[in-house]
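Got a structure for you, written out below as structure tokens; questions coming shortly.
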Amino acid sequence: MLIKTLVAGFGGQGVLSMGLNLAEAAMLEGKNVTYLPAYGAEVRGGTANCTVAISDDEIASPVASSPEFVIAMNQPSAVKFQHHIQSGGLFFLNSSLVEAEIIRGDIEIVNVPANKIAEDLGNPRTANMVMLGAFTKKSGVVELSNVSEALKHILSAKKKLLDLNEKALLAGYNLF
Amino acid sequence: MMKPVYIRPKSLKRTPFHYCPGCGHSVAHRLVCEVIDEMGLQELIIGIPPPGCSVFAYNYFDVDMAESAHGRGAAVATGIKRAYPESVVFTYQGDGDLAGIGTAETIHAANRGENITTIFINNAVYGMTGGQMAPTTLRGMKTTTTPYGRDHILEGHPIKMSEILSMLDGVAYIERVAVNSPANIRKAKKAIAKAFQVQLDGRGFSMVEILSPCPTNWKMTPIKSWQWIDEEMTGIFPLGVYRDVTEKTSAD
Amino acid sequence: MAKILMDGNSAIGEAAIRAGCQCYFGYPITPQNELTEYMATHLSRRKRCAFVQAESEVAAINMVYGASVAGARAMTSSSSPGISLKQEGISYLAACELPAVIVNMQRGGPGLGSISAAQSDYFQATRGGGHGDYRTIVLGPSSVQELADMTMRAFDLADKYKIPVIILGDGVLGQMKEPVEFSREAPAVLPIREGSLRGAKGRPSRIIKTFTSNPSELEEINWSLFRRYTLIKKEETTCESFMIEDARLVVVAFGIAARIAKGAIKNLRSEGLKVGLFRPVTLWPFPDEPLKEMSKTIKQYLVFEMNMGQMVEDVQLALAGRGEVAFYGRPGGVIPNPSEVARVISRLYYQKGLK
Amino acid sequence: MVSTELCKECGLCIHFCPKKVITQSGKLNAAGYQPVEFKDNGDCTGCAICAIVCPEVAIEVYRG
Amino acid sequence: MAKILMDGNSAIGEAAIRAGCQCYFGYPITPQNELTEYMATHLSRRKRCAFVQAESEVAAINMVYGASVAGARAMTSSSSPGISLKQEGISYLAACELPAVIVNMQRGGPGLGSISAAQSDYFQATRGGGHGDYRTIVLGPSSVQELADMTMRAFDLADKYKIPVIILGDGVLGQMKEPVEFSREAPAVLPIREGSLRGAKGRPSRIIKTFTSNPSELEEINWSLFRRYTLIKKEETTCESFMIEDARLVVVAFGIAARIAKGAIKNLRSEGLKVGLFRPVTLWPFPDEPLKEMSKTIKQYLVFEMNMGQMVEDVQLALAGRGEVAFYGRPGGVIPNPSEVARVISRLYYQKGLK
Amino acid sequence: MMKPVYIRPKSLKRTPFHYCPGCGHSVAHRLVCEVIDEMGLQELIIGIPPPGCSVFAYNYFDVDMAESAHGRGAAVATGIKRAYPESVVFTYQGDGDLAGIGTAETIHAANRGENITTIFINNAVYGMTGGQMAPTTLRGMKTTTTPYGRDHILEGHPIKMSEILSMLDGVAYIERVAVNSPANIRKAKKAIAKAFQVQLDGRGFSMVEILSPCPTNWKMTPIKSWQWIDEEMTGIFPLGVYRDVTEKTSAD
Amino acid sequence: MLIKTLVAGFGGQGVLSMGLNLAEAAMLEGKNVTYLPAYGAEVRGGTANCTVAISDDEIASPVASSPEFVIAMNQPSAVKFQHHIQSGGLFFLNSSLVEAEIIRGDIEIVNVPANKIAEDLGNPRTANMVMLGAFTKKSGVVELSNVSEALKHILSAKKKLLDLNEKALLAGYNLF
Amino acid sequence: MVSTELCKECGLCIHFCPKKVITQSGKLNAAGYQPVEFKDNGDCTGCAICAIVCPEVAIEVYRG
């Protein structure tokens, strides 16, 4: 099994920490895993994205030219990455921000109103966790328990935020 | 009929800037273009952008431009100007570029009195590479390579290039300005125009040091970053004319 | 020890500290900034250690020279353009027989290029981009774990042979995170090399130098370096083979390219193609004996590099005509995926009638 | 007057406008920013301060 | 025109001026100072020309870059350590397709080394000591006359292919005086290259750059460079053969070493040994076709270099196992005399049973 | 019994100097050795000689020494001192080395306040390579690369490193002296001792700039060259203390 | 024919110009010629020397490991270079300054009191020309007329010195 | 007092000696220089100025 997931959005949306969380969860499950941020480091602004590869076997390339799963947190990412998804793959859309029409018919679209739910939970900055929860449930690539375990590790320095994020994660998970 | 009070300069291409919101590079670019337009230099001038956030400056300036190696702008400009003295040559350089790796090239071009103009963007960090300490970083300032705040005992002091370069006999004009308020932006433009005039008059090396906000790496809002220049930077880097051989007095 | 998910650059930093690295001198450049920043955070305030963000790559390599003169384990890192600036300094280190570890996280293209990953500095690293006859040991990692392990090995080799060691990584390896495990704890007491300059207390004063007005003297120094190089070649050459026993075509690749090629080969094997991988781990000394040995049975080779063809020369030199060598290269920072590489391999496989 | 595609929501024009006639529009542009808007309530003096501070050259000022 | 007794360094200077060199940027280093000084005397006050003693080799190469950007014929020179410092700049010139002439009067050893003559920078020159995939044309002169002729050729080649050209001389060639004749007069009007930056008057503005955030774009640039390199290889490869028709052993050498070898070969011929000389004149592109051709009849080769073995790899690559290659090297600045070389040749000749 | 009034310093090896007759390097070497002896530093100190006429300095100084690349003395010294703070480290550098190719390394080491001492030999030429122009060459002076005399319009002005470096906050002590008369030689020695003391006290960067005769490349007799320093050089390079953080006043 | 001559002495004795003069003379005769100064340029003081190779054929190496002729203008050079001369070669000694005993029997020694003669002619600085004259006569490697022709060329900028030098040259030539 | 092998005939000691008790010896040393000599006529004050200026450290001064 080799599963690649690409997470994309605006810089401030927490797409990198989403990917990292996923990668750590996979590591906790004893999987091989690679996490690769797109480092357009010498140019600012615009979108950020990262790729997580999870596999039982060694991982050849951390780059995803046709990922199984794509999470698009904003409109430009939805437009840009819809063509990259592998046929039959899942396309997670932050439907609060994405209005684009998706023209491919050979992929499954999962709409997650991440911002809306996060706002409802009282913290719009946790939209990424809502999405991660939904992704965990729908993709089945990692266990929810490992995702929250990883989240605990990542937020170990900022304990205060943990509750908020856990709540958002669950909200997303329980969407489906 | 509508009379334009402010319109986009002709020598500024219509490409949107890739800079972060509130970045001083954007303002500096526009000012240079306004001066180029007003002085009629568009067909005469050759610009040298650096590696740095402004590496893509050639995507914005609608004039001849050539990339330079990091820190070597003054040497490249020397080569161009010596080969083609009729041109007007300017370098556009960051503080890491000019005051760090390019220290020697800058000092010696100034000392030779190369008849070139340098636009020196001092934003107290290495912007492009992600906010490391620059030679100009203030004491105590946290950057990715001074996570505990710049400690002058271990990491040195902010270096004052305008002051240092003003000691060199080849230098004709140096002024330090800031792009953080309407008034300062107007002054900055005047300084840039003056620097180019000094070159046109063949007086030698001219430089405008621009204190320039980097909201991203300072981790501030744009507005806060513009204010921070007045609050913190100008204390260490006082604004004003540091050398002006065209005037009898060298006061501001 | 539990595994940690860590990016390659930081893993080098952590491994260096555990290898007893006392001094790090760096200058920012993408894609290796995380290493400089890791050292700023973890080495700069460590007891008896030093971190300096130098004013340039030239200064950084000369600070390394100084620290090595004083017997400390010292390191610098950069990426392609910055490594070019270090060439004079590396030549001095080699000439003065001073150990040092130099990390090059290669990026694409000559000039300012791209900040993507590439393998275009193979010649520079293995042939001595600086002036004069000298060699450096060059290690070619292909995972974050190897970056960590090789960093430790690099410090040991450098001290053992009094030679600069280059870790030739790339942007992808530096940026990507993978689980990593460190095989050592940081030493309680930092190692200080014998014979270094610490003031002439209780012994005659020492000189570290290369300059001479007598070419024969210099020739003797060069020959003695050469003898050491021969020893290193004999003792330290490392390589990895994968599925070559029955292979009819062997792909030769290093670093990140080897990893991609391995993925391609696994896929092709599942389709029944008898292909294998030969991966030089030390790029200098290059493992030419194993290739020579292999050439007795395997005649078809494909060299795959993320450049326009550099290591391919070492493969040709090793084979000396005893096998056919094809080349597939992607320069400038493009990272091909395993299926592209697989297509190239299988095309060659069928073209050559190996099926 | 304000090019909504160029604006990056930095807020500097709002901050510096002496007449406070510029506000957030609340809409998103293609780059993901919420560009500002010009409230044409007649207070604008055409002083062009907004244009002078706008880093994106997103503002052109005309007086008619 | 009458011949003049001139040292090699000055001859380069005079030839450069006659080739229309407009700008020279240098920095003192032995053994090439006479060239810098010649330009100070003869170019610095010449109309529309410029001489600058730069503050360093790094500055000098970047001034060359600037002058080339502006379309002027520009030159710099140095010796081994100084050339190492120019590697980043050379990589930029190559990447931006800017012509330039770079003279390296090699000296001995890595580090500060010796100021004697050597050939230890062959790898650096022919493999791109800077970062990234690029090549420069490399010329290997072996007399003062050739220094003059090749300097003119270097400027022409540089402009024709928009590429940096390296003249790889050595301390002896630079210092020795020989009679020399110049084939051209200095041009009345200095040539300015088309497409250079002179202000965007009456045309769209131009950009000279390499940086890109898109690796595929950079890959395309690299491939286009590569195509040009292939063309240069086809069009400009030059070599010299001496008494190879009936030779049973061929000595391969370049530059001053070739000249010494030729003397040795003449002596050995008079003793009846069937030995010849093959001399690459362009070191990059390396003349491998003629060697391949030769290998059909001649099986024994001796590569002689004033280093520890660098060009020998190109010979082996060209022969690809179709001939036996022995090596004789003298590193560090030692200049062997023809009789020493003759002894090495004849020993090999008898060992291999060629008599 | 004979009482020694002046004897050869212990830390100066008995090897004859390779320097030209009347060369200032010889005097400077001896003075440094006298100070090393008097301060008891011989077993503590590490010296960094440069490429330059003094490249063989390690043949004379009987202390630990390591060759450096041209211009990089300050960086090498930084490396040593950071790795081994208990040592006393000095660089010995020419004007081509320190003020030319090594400008950046020197300025930044000084700015960081590296706790090292620099002995800076200003002889207004590149001695070793045969008398080319140095950054410090006086206007009008003929050298092999300024055969028409240094023209400041084309070739720049003599650069004043003590003045420039004194502007940097990391600098603890800088004095310019000369070795061209018994009195000046005595003062030079005092300055060297003070510079080392500043290092021992951990005060930061210290430098002694020594105006030093080069009879060979100045094409003068030794005596004339010693006089020429007073007649011409000190006018451009005034002697005196340029920075001294150990004193309240910074006057000579 | 390939003849190598090594000229050695103190820096100020004009040994380089002697060699240059010889080389130019050979060039005027249409010979192949190389002139190589020893460039210990990075070290001052001590001795200077140069090598002149003259040949009808191409010259392989400008370096002389065993020159046919050696001119030693001072004592250290006489000591140092006596072992380099080819068996049967000529060793020209400036007998005014050289006191060393020459221990080789297989070379011919030519004593030229060059300084003495030059002083007698009123200009001690022309000792090198006295020696060159003597060398020209004894070695036969170039014609006297070409040597003076070359001298004219070399001194073309300093005409005043020409007479003095010519006189010294002749004095040396007429010694034997 | 004067090491004839180290002296390089620069003449500085002669120039600076206040008592003018140092002169050229007229002899040659191995390096080809004519080292100076000390005229021991009792005028020497042992001021060591000669030693201070001698670049070659060829002079040591003793008072007895």
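Note that the chains take the letters A, B, C, D, E, F, G and H in the order they are written out, and that residue 1 is the start of every chain.
Here, a residue touches a chain if its C-beta (ideal position, glycine included) is under 8 Å from a C-beta of that chain, and two chains touch if they have at least 3 such contacts.
Here the structure is a predicted model, which is why all the values come from computation and not from measurement.
J.: Decide which interface, B-E or E-G, involves more C-beta pairs in contact, and give its chain pair.
T.: The greater number of contacts lies at B-E.
J.: Can you spot which option in C-F, B-E or B-C is basically E-F again, with over half of the contact pairs the same by residue number?
T.: Answer for E-F: the repeating interface is B-C.
J.: If you average the Cα atoms of subunit D and of subunit H to get two centres, how far apart are those centres in Å?
T.: Computed from C-alpha means, the inter-chain centre distance equals 85 Å.
J.: Roughly how far is subunit C from subunit E, centre to centre by C-alpha average, rounded to an integer in Å?
T.: From the centre of subunit C to the centre of subunit E is 29 Å.
J.: From the mean C-alpha coordinate of subunit F to that of subunit H, what's the distance rounded to whole Å?
T.: About 26 Å separates the centre of subunit F from that of subunit H.
J.: Indicate the whole-number Å distance between the mean C-alpha point of subunit B and the mean C-alpha point of subunit G.
T.: Between these chains, centre-to-centre, one finds 62 Å.
J.: Considering subunit A alone, which of its residues make contact with at least two other chains?
T.: 40-43, 45-46, in rising order.
J.: Check each residue of subunit H and list the ones that touch at least two other chains.
T.: 8, 31
J.: Mind pulling the subunit F residues that touch 2 or more other chains?
T.: 19-21, 23, 51, 55-56, 67, 69, 100-101, 103-104, 107-108, 112, 128-130, 135, 154-155
J.: Which stretch or stretches of subunit F touch subunit E in the complex?
T.: Residues 51, 55, 67, 69-71, 96, 100-101, 103, 126, 128-130, 132-133, 135, 144-148, 154-155 of subunit F touch subunit E in their complex.
J.: So in the complex, the part of subunit C that touches subunit B is made up of which residues?
T.: Touching subunit B: residues 27-30, 33, 36-37, 40-41, 44-45, 52-53, 55-57, 81, 111-112 of subunit C.
J.: Given the complex with subunit H, which residues does subunit G contribute to the contact?
T.: Going by the criterion above, the answer is residues 10, 45-46, 74-76, 97.
J.: In the complex of these two chains, what residues of subunit C are touching subunit A?
T.: The touching residues are 3, 5, 30-31, 33, 115, 171-172, 175-179, 256, 259-260, 262-264, 266, 335, 337-338.
J.: For subunit G, which residues are in contact with subunit E within the complex?
T.: Residues 20, 23-24, 27, 32-37, 39-42, 57-63, 65 of subunit G touch subunit E in their complex.
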